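Letters A, B, C and D name the chains as they come in the text, with residue numbers starting at 1 for each one.
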Amino acid sequence: MIRVSIQQEELDVTAEIQMMRSRSVGAITTFLGTVRDASQDSSLVSLTLEHYPGMSEKALDDIACKAMKKWSLESITIIHRVGKLEPAEIIVFVGCASAHRHDAFDGCQYVMDFLKTDAPFWKAEETKEGVVWITERETDKRAAENWLLHEPNKID
Amino acid sequence: MIRVSIQQEELDVTAEIQMMRSRSVGAITTFLGTVRDASQDSSLVSLTLEHYPGMSEKALDDIACKAMKKWSLESITIIHRVGKLEPAEIIVFVGCASAHRHDAFDGCQYVMDFLKTDAPFWKAEETKEGVVWITERETDKRAAENWLLHEPNKID
Amino acid sequence: MKIYYFAWVRDYVGYSYENISCPKSVKTIEQLAHYLKKQSDGHALAFEDLNVIRAAINHQFVANDSKVKDTDEVAFFPPVTGG
Amino acid sequence: MKIYYFAWVRDYVGYSYENISCPKSVKTIEQLAHYLKKQSDGHALAFEDLNVIRAAINHQFVANDSKVKDTDEVAFFPPVTGG
């Protein structure tokens, strides 16, 4: 089961986890990306998230499908917020449910790594000096590329 | 900041995440262990969690302290439930907050791996046939031992 | 051809969407970008450095040498920074 | 000496806690286990195979050859299975 939502509204983490719980699930790993103020003088006012409607849903579904094939997962939920967000607000929620914890952890990390490089979302930071589009991070590209080099480590 | 709770009561995931959010946090990774019915005929009635009061809190704090030293984490929350739980109920919540996602993921996985081997908790499964204490899993021992062999992978 | 722009590419171009008729000579994403570059000062700024622009055809990321057709939905945008 | 039992070790022993006076000859966890084994049929079952029993002294996991004192808080239990 794959669930994807791109929304402006806040999300309810407890409700999302509730959707993923079942008798056959033993591990639910979630990742929450939040608006971080990386400025030296705590001057971040807001972060605006833009996306490519139509493509963004498909891109997230593609990433989730690949993760489902790679690991033993019962469900993946991806919720990506768009629009104007304040510091500490949740930007993205990724949840992976599995019988075993290593699949849940690896699946969640895989989805996040590819979400950073393969999903059409863009961030603009608003500080006192104005609005600046955030540029691509080299470390994000490397994190996604690492998955292509290594097969998953099935410990569990 | 390390927060530990050993409790019978249900936990409020949204409230726990709220405690971990801040302007300097960009990633919150959580793990939820839930009661899984691994029986062939869906006959699990309940799971009873027992612990060693006094030692269990210290053991969880020790694990969290080690994780805080190993990765760049702003906070770790560990909540472990005890008593009688039904299938799909949450047994354990581990949350790691960091500026960066790789620290949050690795920290969370590290805490879980050592929690499985170094914290004095025991599980008894109740099925129609009676109550059976669950035995140690070899894969859990290996998962914890792997951390001692490998230094963390600082990608982010 | 339907063309969408996102993030700072859109900011420079000044529009989020254009429906254009390309000359027959435009056969690839790169040729399309060079053609668009000549449309206005904003387009020129947006397409100044093609190394920092990504493209999609019909909702799939594509390389610069990918073929484009008049019926395609094309999009130009910076490298993605979601999550 | 304060001794706590957990999980199936407690089920076999029949008590979660005992306060015992050990003979002077009991100096290590292993010697203590052998001494306890002789206390009852339940103790004998609990301590039948020391390979599947773990111990803690004053809330720290310890090895079988660790020294015990009369003032220590000792615990015996199966390998842990939390999380």
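Convention: a residue touches a chain if its C-beta (ideal position, glycine included) is under 8 Å from a C-beta of that chain, and two chains touch if they have at least 3 such contacts.
Small disclaimer: the values here were computed from a predicted structure and weren't measured.
Chemist: Between chain B and chain C, which partner chains are common?
Modeler: Of all the chains present, those in contact with both chain B and chain C are A.
Chemist: At what distance in angstrom does the C-alpha mean of chain D lie from that of chain C?
Modeler: It comes to 73 Å between the two C-alpha centres.
Chemist: For chain A versus chain C, what separation do you get between their C-alpha means, in angstrom?
Modeler: Their C-alpha centroids are separated by 26 Å.
Chemist: How far is the middle of chain A from the middle of chain D, if each middle is the mean of its Cα atoms, in Å?
Modeler: Roughly 47 Å, centre to centre.
Chemist: On chain D, where are the residues touching two or more other chains?
Modeler: none
Chemist: For chain A, jot down the residues that touch at least 2 other chains.
Modeler: 33, 112
Chemist: Can you name every pair of chains that touch?
Modeler: The set of touching chain pairs is A-B, A-C, B-D.
Chemist: Which part of chain A faces chain C closely enough to touch in the complex?
Modeler: Residues 33, 49-52, 54-55, 58-59, 80, 91-92, 112, 115-124, 133-137.
Chemist: Quick check on the complex: what are the chain C residues that touch chain A?
Modeler: Listed in rising order, the residues are 4, 6-8, 11, 56, 59, 61, 75, 77-83.
Chemist: Going by the contact rule set out above, which residues of chain A touch chain B in the complex?
Modeler: Listed in rising order, the residues of chain A that touch chain B are 12-14, 17, 21-38, 42, 44, 87-88, 90, 99, 101-102, 104-105, 108-109, 112, 139, 142-143, 146, 155-156.
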